[in-house]
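In what follows, a single structure is set out as structure tokens and then discussed.
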Amino acid sequence: MSEPVVAGVRRCSFKQFLAWVLPWSALFAFGLYSAGLCLVRGLNQTNMDNRFAFGLWIFLDLTVIAFGAGAFLTGLLVYIFKRDELRAVLNTAVIVGFVCYSGAIVVLMVDVGQPLRAWYTFWHPNVHSMLTEVTFCITCYLTVLAFEYLPVVLKSRDLHRIPKFLVFEFELHKLMPVLAGVGAFLSFFHQGSLGGLFGVLRGRPFAFREGFAIWPSTFFLFVLSSAAAGPSFLLLITWAVEKISGHRLVKRDALASLGRISGVMLILYVLVKCVDTFIWINNTSPSVGFPAHRFYSRQPFGAWLLLCEIVVFGLLPALVLLDSGRRRDLRWLLPAAALTCFGIALNRFVMTIQTLALPTLPFDPFLLYMPSWQEVGTFLAVVAYGVLVYSFSFRYLPVFPQERDLAVR
Amino acid sequence: MSRYGMVIDIDRCNGCGACMVACAAENNVPPAHRDATERTGVTWMRVYRVENGAAYPANRARFLPVMCQQCGDTPCAAVCPQQAVERDPKTGIIDQVPQRCLGCRYCMAACPYHARYFNWWDPVWPAGMEKTLNPAVAPRMRGVVEKCNFCHARYQAARAEAAAAGKKAGKIGYTPACAEACPVEAISFGDLDDPDSAVAGGAASPDSFRLLERLNTQSKVYYRSREPWVRQMAGSRLVQIRKEKARV
Amino acid sequence: MFPGIYGFRLDAGHILFLGAFYTVVLIVGTTVLYSLLRTHRALRSGREPAIRWISDFHDLPARDRACRHALSGQAPGRRCERGFDCRDCAEHAGFGAPPSTGEASFELLGVTVPLDRWYSRGHSFVHAEADGTFTIGLDPIAERLAGPNSRVDLPGIGATLEVNQAAWSITAGEERVRVLCPVAGTVVAAGGPGWSLKLKPGRDCGLTHLLCAGEVRPWMQREVERLQASLEAVGGRAVMADGGGLIEDPGSAYEERAWAGAIREFFLEP
Amino acid sequence: MNLGRRRWLGLAAGAAAGTLFTPAPWKLIGDSALWSQNWSRIPKLPTGEFNVKYGVCTLCPAGCGIKARCAGDQVFGLTGVPGHPISRGKLCPLGVGAHQLPYHPHRFAGSVARQADGRYLPAELERVAATLRARIASRKSGEAVAVLDERPGRAISYQYRRFTGGLEDGLYLVPPAGEGATLAALSAQSERGASFGFRIGEARAAVSFGAPLLDGWGVPAEVNEARYRSQRPLRIIQAETRQSPTASLADVWLPIRPASETALALAIAHVLIRDGRAPAAVIERMSDGAEYRELVMRYSPEQASRECNIPAAAIEQAARMLADNTPAVAIGGGDAGGGPAGAGAETAIASLNMLLGAMGTVIVGKHELPVPDSWSSPPLSPERRIDSDVPDGSISMLILGDSPSGDALPWPLIERKLAPDHVIVSLSPYAETAARRAHFVIPAPAFMESFEESPGSAVSANPSWAIAQPLVRAPSLAVHPLTFLARLGAAESSIEDLLRQRLEELHKLGKGEIFTPAGTRPIGEFKDAKELWTAMTGGGVWTDSPVLEAARPRRFGVREIASAPARTGRAEFPIMLLPYARRGEAGTTALPPLMSKVYQESRLRLSAPLLRVHPATAAASGVADGASVRVEMRGEGYAGNIAVDASVMPGVIEAPAGPMAALCVNEDCSWRVSPARIKRIS
């Protein structure tokens, strides 16, 4: 084949590509198998139980969707606020977003006991449930993402030749701002609702928070934290792809700008979280008879977790990302971004696992939970799925508009 | 209109478990699966052994039957994404509709009493034992949540009877399986709004309390004990209790 | 979900929630349907070639999208945003007519480039014939690059061509590249001496978007550099023969893929 | 037109889009949901006309009335019979789930012979009977053929006795006294044949030496009525090492050191006599009164407090509490798993009753139920207790009876009595406990499958008798014990006939009254046995007032008390193993599968082999929580898991006996406390 798969840029040989893809595919297959077990034999395949009603998977969903937030944020900034330096990572953002959301939804389907009834949530929804809001928004937003992803796919060499696709891509691209707007709206709500998911649990004083109107404070905390995690994750991914592919793909200023957004959001998040935690410790939790310090009396979930969340994985990276000098230096930018992502993941972990580990009934024991291999397998399937989708997109689709310019020296 | 509730006398309960077995038999809850643990079984009614935390010989223990507390202000109903948790306005009973349940287990995370149970396995009885199932109660399928509904089937039967006898509905007396079975008559059941019912009296008595009262779930299951430590413990003080091996 | 379905109530919660949901669905649906509709229209009105060029044009590396006035040094660093179609470019008029050099042709790498004609950025020329028709063909450098044994596939007589539409294609070795049409018109003859197509001009066959006179040399110089750059990028040797002349059939001197890539870039294939 | 790939794609896409506008996909979704709603793996529910039948629970001697809710002739639920004189409308967890027993997974499909490798192979009844007859004929003299009947006093029991009576050195065996141990000691202290029972309702206070008074002891309803009556409720002092449910619910819990019951009983007696709260006349009347006084005087509260490891003041207080609330009663016998405290201790406990004014008020005489003369005429073996009345190694054929007592029957005890080449036959319907050790199993009909009777509790003085009609049809391969006995050459008869005969006898006697769900009528009102039969098989139960004029004990039994072996920890067995169990769970029967709720799913009852020890004990034996260990006792031992728990007495192991009781039996045939040690399994 003389013609390059992506216009004007070089890609590794098919053999190399195969060598990269095969292990991931194997992992994916294994994941599918373990997910299949859970579907066929039921959730007894997991290590969840009546007390640990949620486990690894819900943690995964929360985290992955927070990481996927890069999509709506970049879309918003590029199409609505015309921040053109982010155009370079827009496609990546869309692909990552698409992977994260579709992955999350699939895992959710495995996680529920009766997947066949998933559509009941749409058919007779309980509009007061945060989960309903999440379900609606996520599915809608996945559709939106699909339509944002479609143009990238249609730009692939062979499809591009077909006039119908060419023109459709052209026309659809014109209307992107609309979709970006809708996407932002949806994301705002479901990111929030994911936080609300735990914030509304009156029966779980560790998670319960007061808030505004129908939304507990975690609603807003999650919006902010996801907005902080999204760009950082995007930044890391882009950098990783550059390293793995060995091409320069985006201008540094794009990464820096991502870092800046992340930093701003993160510092906001940290501030709000501090206030929220303060109110929770002094008012919300004790008022229902649960002095907050007791929640941290059960190792390994000590107060150090809270400290890490706020300082090590919050304040620290935020300050680095806000420093325009350091931000331009990858040796500062990347670790900061990594810390940010890890911090948000930790927050999601605390929200799910620690919440459920703590007993509410005074005579009930504190529990620990270790996922079964089927759960881990399903988890890995999502990771592998992400890598595969991205790898194929990167190989066969024009993902990085700047790559061609950067290739010319 | 009635508001059914329970009063359980902790100072009588000897933890024999008759209530649990009666409940399971009445509501077609299957025997534990081979691999089931105390955390994956289905036990609408679970009797906990609670201790005052002191070391021998100062230690004292009581038995605390815990089932769905039938909250007046339910944390669970609000979170169900597809309205599978229903409140019967005529009785105040919260019921789970297995046919509509998605099995997302959000309600279980929401319930502070851990009184909701998920069907981790298909409901399986030893060969031939299906013959002994209660015809009045449909067994639940795998992958849905279930919980105590104050023996709703018995309420329905009682209502049908009352209707047949031409009595006006609302003032219907019946007894759930656990209350009927309790050998020491520790469990009394009735209409909390009916001032001259036993439960109304029991709920009002000074030694009565509710679990996690400060969460303000308005639960309709009251407990009674003359032991101060029991009343204190049942609030929300975390006490060190009998070591139970959590599944890890 | 809908009135009549279990659990539907006409309370604030339902109205707000479902209202928002239906709105979103409506917006997304409309957007997609609308773009489908426009696609349909565009295809019917034959705007597909124009759209293709525009989309290709936007995929070109920024450096290849330099404005003609940037090349001539009038507006350094200026980028073209309209697919090299200056006819409706407001700024273009402002720059005035291209400077005349007075000479009839010039030498570049031992190739004579006549200036009695207009050149398109896609390396085709337009020559106005006495009979009011236009002859179009590859410019000399392109001719040389295509090499002596390149195949040319011309459109049939009577085909109508638009500006920047793929007019004909040449196949050098394995590589097939399209040549963009410099002017709009109808093919009246194909494959004449020194030209590939003879067009009967269509309506608004302005030539303002084409390069001529003093603009040609700097542009062509730059094109050669561009070619060299892309060849070196794939680790090629110099395209020049000794004495700075462009060798006969340069393609033969290169590894297949490298040359192909260079040629594609040269002919503005995305 | 040519169908290129692109065209095909278009076609497919169009078709896909098109179907969305047909009902097909939506119908599919709907159906899928419906399918998940009537999930194929949900068992089908029984159908049939709803009706109610009455019977009596024969899973333990208490004899609670059961009300069976049926769909057609299928029982789907058991509840108590409101107003029932024995159970007052209540059942224990075993009874509540018992309707599942006929379908128990461990049930035998028919007669089997156990192979060397432990497998059961089907064996024809005829063949087995022939083998056994041969064994009986060919056995050496001095080798006994024995029937072990855990539920003596039933019609079938008399048939067993006649069968063994028909053979020379045939033995009719009954299990160790169990919860009746104190009463047994009393009759040992009285003239021959005198037997006693409790009227717990008469007592105002009770000191229980490990008897589970509030947890299924005797006839639970009787205790509960006494305990929860509004006027002067029964006050309970629980002297027990383990914090049993009774201990935690009792008014006073005396956490005494294991095997110190004797000391406590004597110390209480000491206080009573010292403070002159004991009737002197009683002591004078006894043949060994002087020795008793002398013995008791040696056990001052201080002395006892050292042995029992409780404050002397607590003992004084307990004694006073008993003296202030006469008639009070002292009860031994232990729980279903631990069993009696040993002959010496039980005698000490029994004699305490003479100082508490229990004799003739709370403890009164108990007469055997009337039986037709034809039953009691020779040949009829006397009742022998397997622990005390049989020489070791003397039984060459042991037939384990059909019905369980619900109490532990320690295998070592039985094994000790068996001759080297013995054969064991079990009539149990289930492959549980003892039946697993039998060479042949001739499974009797399961619970509710045949006519059964309940001759009343062993410890209650109130006489009662009830008949259970079969509520479920027995599988064809179940063999009724009578049929089996007939195969062995005993007289052919049917259980129904026997019960009718016995009922006739009762009718002739004309005393007592009959309770039926319809109401209670004096037996005299039934004109003939036939009418009585209908009443009895319809959930009826015969009750009578106890006989108050009772043989009084002649002596305190100082000899037995003094000769009791001391059970203190020895060097190699420093820890005391305390097996315990609740009524029914340590017996030889199967547990209803729903008991998994109580064991597996709530851990409300721990099943063997979970060994609870105090942190100090664990540290001393070098084991941590959850460690898998082996408990070693003299000659016995089994594997288990350690559960460290500060609410256990240091130096002891609380070991649930559970359905498979692995118990170590001491020299004096008691197993409540056995010296043991913990070995870690590495």
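As written, the chain order gives the labels A, B, C and D, with residue 1 at the start of each chain.
Just so we're on the same page, a residue touches a chain if its C-beta (ideal position, glycine included) is under 8 Å from a C-beta of that chain, and two chains touch if they have at least 3 such contacts.
It should be emphasised that the depicted structure is a prediction, and the values quoted were computed from it without experimental measurement.
J.: Mean of the CA atoms for each chain, then the mean for all of them together: which chain is nearest?
T.: B
J.: Among all chains, whose Cα centre is located farthest from the one for chain D?
T.: C
J.: Would you kindly tell me how far, in whole Å, the mean C-alpha position of chain B lies from that of chain A?
T.: 39
J.: What whole-number Å value describes the gap between the mean CA coordinates of chain C and chain D?
T.: 98
J.: Report, in whole Å, the distance between the mean C-alpha point of chain B and the mean C-alpha point of chain D.
T.: The answer is 30 Å.
J.: In angstrom, rounded to a whole number, how far apart do the mean CA points of chain B and chain C lie?
T.: So the centre of chain B lies 77 Å away from the centre of chain C.
J.: Show the residues in chain D shared as contacts by 2 or more other chains, in ascending order.
T.: Residues 36.
J.: Could you say which residues in chain C touch two or more other chains, in rising order?
T.: 6-7 - these are the residues of chain C that touch more than one other chain.
J.: Going by the contact rule already set, what residues in chain B reach two or more other chains?
T.: 37, 41, 48, 51, 82-83, 122, 141-142, 243-244
J.: So in the complex, the part of chain C that touches chain A is made up of which residues?
T.: 1, 5-8, 13-14, 16-18, 21, 24-25, 27-28, 31-32, 34-36, 38-39, 42-43, 47-48, 51-52, 54-55, 59, 61-63, 174-175, 229-230, 233, 256-257, 260-261, 264-265, 269-270
J.: Show which residues of chain A lie in contact with chain C when the two form their complex.
T.: Within the complex, chain A contacts chain C at residues 2-4, 7-8, 122-128, 132-133, 136, 140, 143-144, 147, 160, 163-164, 166-172, 174-175, 178-179, 182, 185-186, 398, 404-405, 407-409.
J.: With touch defined as at the start, can you tell me which chain D residues reach chain A in the complex?
T.: Checking each residue of chain D against chain A gives 6, 29, 32-33, 35-36.
J.: What part of chain D is in contact with chain B in the complex they form?
T.: Those residues of chain D that touch chain B are 36-37, 39, 41-48, 50, 71, 74-80, 90-93, 96-97, 99-100, 103-105, 214-216, 220-221, 224, 228, 243, 245-246, 248-249, 253, 255, 582, 592-598, 600-605, 614, 625-626, 643-650.
J.: Mind pulling up the chain A residues that touch chain D in the complex?
T.: 114, 116-117, 119-120, 162
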